[in-house]
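Same chain, two partners: chain A is paired with chain B first, then with chain C.
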Partner chain A sequence: MISLPKKIAQYAFLIIFSLFSIFPLIWMAIAATNQSIDVIRGKMIPGTYLIENYKALIAQSDLWHAMGNSFKYSIVVTLLSLIVCSLAGYGFEIYHDKFKDGLMSVILLAMMVPFVATMIPLFGMMAKMGFLNTVAGFVLPSISTPFLIMLFRQSARSFPHDIIEAARIDGLGEFQIFVRMFFPTMRSTYAAAMTITFMNAWNNYLWPKVIMNKPETQTMPMLVSNLTAGYVTDYGMLMLAVLFCTLPTVIIFFCLQKSFAEGITGAVK
Partner chain B sequence: MEKAKARKLSQSKRYNLTGWVFLTPAALLIAVFSFYPMIKCFIYSFQKGSTFANMQWYGINNYIRMFQDKVFMKSLGNTFIYFLIQVPIMLILALILASMLNNKDLKFKGFFRTAIFLPCATTLVSYAIIFRSLFSTDGFVNTILMKLGILDAPFAFLTNTTGARAVIILALVWRWTGYNMVFYLSGLQNIEYSVYEAAKIDGASPLQSFFHITVPLLKPTILLTAIMSTNGTLQLFDESVNLTNGGPANSSITMSHYIYDTTFKYVPNFGYSCAMSILILILVGTLAFIQMKVGDKRD
Partner chain C sequence: MKKRFLATLMIVAMSASMLAGCGSSNDAATDNAAATDDAAATDDAAATDDAEATDDAAAEGEQKLTVWCWDPSFNIYAMETAAEYYKKDHPNVTVEVVETPWDDIQPLITNAASTGEYSQLPDILLMQDNAFQKNAISYPDLFVDLTDSGIDFSQFAAGKLGYSTVGGRNYGVPFDNGAVIACYRTDILEQAGYTIDDLTDITWSRFEEISSDVQAKTGYYLLSERTGEIDLIMMMLQSAGASMFDENGAAVIADNAALKNVVETFNSLVDNNALLLTQQNWDEYIKSFNSGSAAGVINGCWIMGSIQAAEDQAGKWAITNMPKLDGIDGATNYSNNGGSSWAVTTNCKNVELATDFLNSTFCGSVDFYAEILPSSGAIATWAPAAEADVYGEPSEFFSGDAVFKKVVDFSTKTPSNNTGVYYYEARNAVATAITNIQNGGNIDDELANAQATVEAQMQ
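Our next item is the complex of A and B:
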C-alpha cells in the first residue's frame, strides 16, 4: 500500500513535470500577443498586440511563402513515403524468403547511418542533378526510411494469410490484394506512419538549410531561425513566428495523439 | 500431377518476383540516397578539395588534422558532455514517469500523459528559440529571478560556458523525455498488471517492484531508447545552431554544427568535413555495439 505522503509526493512530481512541459509553449503563445517590451517585463497574460506582431512579421519575412513551402515539401514526402514504404514492408513480409530477409537486415543497418555522414555527397549529387532549391531535392533522400518499412512489415505480419489465399482464389492479382485488402485494413498503421513522417519532414532543418539557398524556397524552421539574426530581438514577433511554425504539428498532435504515439513506438512491438 | 507441381512452382516463382517488385523502389532509394553517399563520404574523407569535380588524394591527412583541430575536439567533448549527462537524466526521468503513469489508481492520467508528451509536437527549431528567449539576458527566467529577489543583476546563461551547456541539456530533457516515456508506456502495457499486484501482496514496495519487475522486463525497450538517444545526441544540430549558436567561444558547439560550418559557411573543405562525419558514423556504431553488449550481459 502506498502511504499518503508518498502519494502526495507522486502527484506533486507529476504536476511539476507537467507544468514544466506545458509552460514554455504557453509562454510562447502569450508572448505572441504581447509587445516585446511587455514580454521582457515578464507579462504572463494575453495582450492585444497580436495584429501588430503579425504586421511586423510579414513586413520582415515571407511568412506565407515559407508556410506554403513547408506544407508542400512535407505533404509530398509523406505521400510518396507512405506508398513506397508500405509496398516494401508488405513485400518483405508477405513474400519473405532468405534473400529478402537478408536485404531487410541490410536496410535496417541504414538506420544507424547518421545523416551528416551522407549529407555532403548528397549535396553534391543534388547539385549535379540540378535539384538544389527544388521539391525533388528536399524529398528524395527521405522518401524511403528503414523505420517506416519496418513499421509496415510489422503490421503486415498481423495481416491474415487466409485472406490473401482466398483473394487469390477469387482471382485478384497481387497488387489488387494490396490495394483492396491490405490498405483498408491497415488504416491505423497508415495514420501512424503519416503523422510521424509529416512531423519529421516539417521538423527537418539541416537538409533544407543545405539545399535551399534561395529566399523563396526556404521552409518555416529556416524562416524562424533567420529572424533571430539581428541584435535586437522583437520577442512578440519572434514568438508569433514560432507559433506559426509549431501550430501545424501541435494540431496534428491533438487530433491524432494515438496514431502519433503509435507512429513513434509502432515498429518496435 | 507433374503439371500441377510445375504450375505451383512457377506460381511460387511468380510470387517471389512480385515480392521483389513491391520492395525494389524502397530498396533502391535507400541504396542510392543512403548507402551510396555514405561510401562516397568515406572516399572523400581521404581526399581534399573545395569542388566535387576536383578532389585530390590526401591520404590520412584529414584524420590527422581532425585530432589536432581544437574546435573539433571541443565539439567532440561537448557532444560527450551532452551524451553523458543528458541521456541518463532523461531516460531515468522517462522511466519514473512511465511507471507512475502505469499505476491504475492514478487520477488525471490522461492529462499528465498528454502534458508530458506535448513537447514532442514542437518543431526542433521552435523549441530551441523558445528556450533561447526564456534564458536570454533580458529573458523571462532572469526577469522572474530578479523579481523574486534571487538575482540582483541578470545572469548571462547563454554567454557562459556552464550556463550555455546547462540550458541545452535542460532543453533536450524538456523536448525528449515525453518521447521516451511513450516507449516505456507501450512496453509496460506488455507486462501483466497482475504481476505488480502479486508483488504488492507479497509485500514488495513500489520501489522494489520498479527495480525487480519494471526495469528487467523493460530492458529491451530501455536498450532501444538508449541507442536512439545516443544516435540523436551525436547528431545534435538544431539546438546548437539556434539556442546558443555554438557559443560562447565554441563551448557548446556540436559536431554536426561544426561540420556544417566547415562545409557551407567557411571555404568549403569537403574532404575534411567528410572525415569528421565518418568519425561520427564510427562513434554511433561503436556506442550502439557497446550498449548492445552491455544490454545482453545482464540476462
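Our next item is the complex of A and C:
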C-alpha cells in the first residue's frame, strides 16, 4: 500500500510529464481551428476557422488524393516488408550457423550507414533500372530493413525449439512450420513491426520525393512540406494538414498499442 | 574468434569506404567525360526524338512545358498566369507546374547532376538567387545558356541580373524582387517623437540612436533578427557593394573592411538595445513584428506579405529605405535579400519554346506583371513593368504609400554582389564567427578563422 502523499506526488509527476508530451498534439488541434495570425500570436483557445482552413487547404492542394497515395504506398511497403523481414529474421535464428551469423553482423553494420549517404547511388541504380516515377522505385529499397530483421531474429530467439521439433515429427514442412506455428505465436511482434514500418513508410519523405516527382504521386508529408515553402505561411491551414497527416498513424498506434509494447519487449504467449 | 571476425569486418568496411572516397574524384572526372559523351549521344538521340516529337506534336498540336516552383500564392500563381497569357497566342502549348519546395529542388538537382540522370528535371525551374551561381558553376551541364536566346537582359536591374550571370553568360531570367525595404510602425514612432522621415536616408549610427531611444520610451524594438541568422549582416554587406568573395571566387572574409564594419555595427545594435534577437525559428521572427515586440522590419520586400497578415495593424506601417554603413566607400541605403530567377534546364527538349515562353511573358509583357502584382505582390525586376498603372497605386496598409513603385526604385539602386559557389558555407562560417564575437571573441581572429574554415571547404 502506497501512502497518500506519495501517491499524490506520483500522479502529479505523471500528469505533468504527460502534459509535456501531449501538449504539441493538443496545440496542433487548437491551431487547426484558428486563423494564421492567431496561431502566430499564440492563441490557446479553439477558434472558429476550422471550416475556412479546410476550404483553403482543399483549394490549394489535393488532400484526399495525397491521403490515398500515402495509404496505398504505406500498406504495400508494410505488407511486403513484414513478409520478407520475418522470413529473414526467422531464417537467421532458426537455421543459424557461423556464416549466417557473420552475414547478420554485416546487415547490422549497414544499419549504421545513414540514408543520405546511399541516396545518390541508389537513385542512379533505380534510374538505370527504369524505376523512376514508379511505385516499385519507392517500395523496393524500403522492403528489407536491418532493424526489422533484427527484431524478428530477436523474437525468434524466444520461440521454443521444441515446438519446431514436434511439428517436424508430426510431418509439417519447414515453410508450414513458419506459417502455422511461428506466425500465430509471434502476433505481437508482427503488430509491433507493422506499427513501426507503417509509420516509417507513412512519414518517409526524402526518398519518395526523389524518386517520384509527379503531382499525381504526391504523399501527405510532401503535401505538408509544400505548404511551408512560400514566403508567407498560413499556419492555421498548415496545422490542419499536419493533423490530417498525423491521424492515421495515431489511430494505428492506439489500436495496436498493447501488442506493440509486448512485441518490442519480445513476449511469447 | 568472434571479435577477430568483427574486427576484420570493420576494417574491410572502412577501407572499402575509404577507397570509394579516394576514387571518387577520378571517378567524377571519368563520369564527367562519360556524362558529356552521354550528353552528346543523348543530344543526338534527343534531336531525332525531337524531330519525331515535333512531328507528333504537329500531328496532335500539343506542346508541354514542365515547371518547378514552390509558392501557390506567389510564383506558382505567377507561372500559371504567364501560361494563360502565352496560351492566348499559342493555344497548343500547356504549362504543367509541379509544386516543388526549394528545399527539395536542391537535392533533386544534386541527385540528377551527380548521377547524370537529368530526365526527371523539368524544362524550367525556379532558382533561389543565392544558390544560382553555385549550381551553374558546379554543374556546368545543368542550365541552358540564355545569352543569345533573344531575351533582352539589359531591361533587368544589374544588381539582380548578377545572381544568374556566370562568366559573363546569362543563365537565368530574373523573376521576383528581393529589394530590401525598411518598414516601421508609425504609431510607435510617433509615441517616441519621430516620423518616418527621420528614418529615411540615415546611417546605422543614427538608426541606433533612434532605435535605442524608441526602445527606452515605448518598449518596442525597431528591428528584430533571429539568433544565429545572418540575413541582416548580408544585407548590410551588399548595401555597400561588398561581398564575401572577389570576382575570381576567392574568399575575402578576413581583411574585409566592409564586413568588419558590418559585424561591429551589428553587435553595437545588439548591445545598445537597438536590435531584438528572437529565437532561432522563422515563426518567432514573424511573431516579433506581428504581435508587437518589434515595431520595425528590415528585409527583402517579400516580407510585406507577412507584415500584412496582421490586419489590425493596417495603416500603421510605412516603408522607407534601409540605413547605410558609416565610413565605408560606396555605402548605399539599398540592398537585396532573396528573390529568385527562372532557369531552363538541359533536360528541356524544346529550348526554343521555353525561351520564347519566358521572353514573351516574364521579359515581355507589362500586362502580365500588372495582373500578377495585386494578388501575389510579386514585384517585377523587369524595368518596363513599373510603367504599369498598378505599380503607382497606393497601399492602404502602408499608410497610402505607392509601395510597389518604391520597391522597383530601390531595386534599381542596389549594388550587385558575388555569391560564388561557396556562398552558404561562407554564411555559416561568418554566423559562427559572430556568435563567438558576441561571446567575447576578438573580431579579427574570428573573421580570420571564418576565412580559414571557408578556404578549407573550398579545397
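As a working rule, the second predicted complex is superposed on the first by the 234 of 269 C-alpha atoms of A that agree within 3 Å, B and C clash if a C-alpha of one lies under 4 Å from a C-alpha of the other, contacts with A are read in each partner's own complex, and residues count from 1 in each chain.
Just so it is clear, contacts are C-beta pairs under 8 Å (C-beta built on N, C-alpha and C of every residue); 3 or more make two chains touch, one makes a residue touch a chain.
A quick note: this is a predicted structure, and the numbers were derived from the prediction, not measured.
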Key: Simultaneous placement of chain C and chain B on chain A, clash or fit   = clash
Ask   = Is A:102 touching the first partner chain B, the second partner chain C, both, or neither of them?
value = second
Ask   = Just chain B (first), just chain C (second), both, or neither: which does A:214 touch?
value = second
Ask   = If you stack the two complexes on chain A, which partner ends up touching A:154: first (chain B), second (chain C), both, or neither?
value = neither
Request  = Answer with first, second, both or neither: which of chain B and chain C does A:225 touch in the superposed model?
outcome  = both
Task = Considering only touches as defined above, state whether A:41 meets chain B (first), chain C (second), both or neither.
result = both
Key: Touched partner set for A:132, first chain B, second chain C, both or neither   = second
Request  = Would you sort A:185 into first (chain B), second (chain C), both or neither based on which partner it touches?
outcome  = neither
Task = Check the residue A:124 against both partner chains and state whether it touches chain B (first), chain C (second), both, or neither.
result = both
Inquiry  = Among the options 148-156, 184-192, 202-210 or 220-228, identify the stretch of chain B whose C-alpha atoms clash with chain C after superposing on A.
reply    = 148-156
Message = Does any part of chain A touch chain B in one structure and chain C in the other, and if so which residues?
response = 40-42, 119-121, 123-124, 127, 206, 209-210, 225, 228, 235
Ask   = Along chain C, where are the residues that touch chain A in the complex?
value = 5-6, 9-10, 13, 70-74, 96, 98-104, 107-108, 110-111, 114-117, 119-120, 283, 286-287, 290-291, 302-303, 305-306, 309-311
Query = Touching chain C in the complex: which residues of chain A?
reply = 36-37, 40-42, 60-61, 102, 105-106, 109, 119-121, 123-124, 127, 132-133, 206, 209-210, 213-215, 225-226, 228-232, 235
Inquiry  = Residue numbers of chain A touching chain B in their complex, please.
reply    = 1-2, 6, 10, 13-14, 17-22, 24-25, 27-28, 31, 39-42, 84-85, 87-88, 90-92, 94-97, 100, 103, 107, 110, 112-125, 127-128, 140-141, 143-144, 146, 149, 174-175, 178, 199, 202-203, 205-206, 209-210, 220-222, 224-225, 228, 233, 235, 238-239, 242, 245-246, 249-250, 252-254, 257, 260-261, 264-265, 268-269
Inquiry  = For a test of understanding, state which residues of chain B touch chain A in their complex under the given definition.
reply    = 15-16, 18-23, 25-27, 29-30, 33-38, 40-41, 44, 52, 93, 96-97, 100-101, 106, 111-112, 114-127, 129-134, 136, 138-140, 143-144, 147, 174, 177-179, 182-183, 186, 200, 206, 221, 224, 231, 234-235, 237-238, 241-242, 255-256, 259-260, 263-264, 270, 273-274, 277-278, 280-281, 284-285, 288
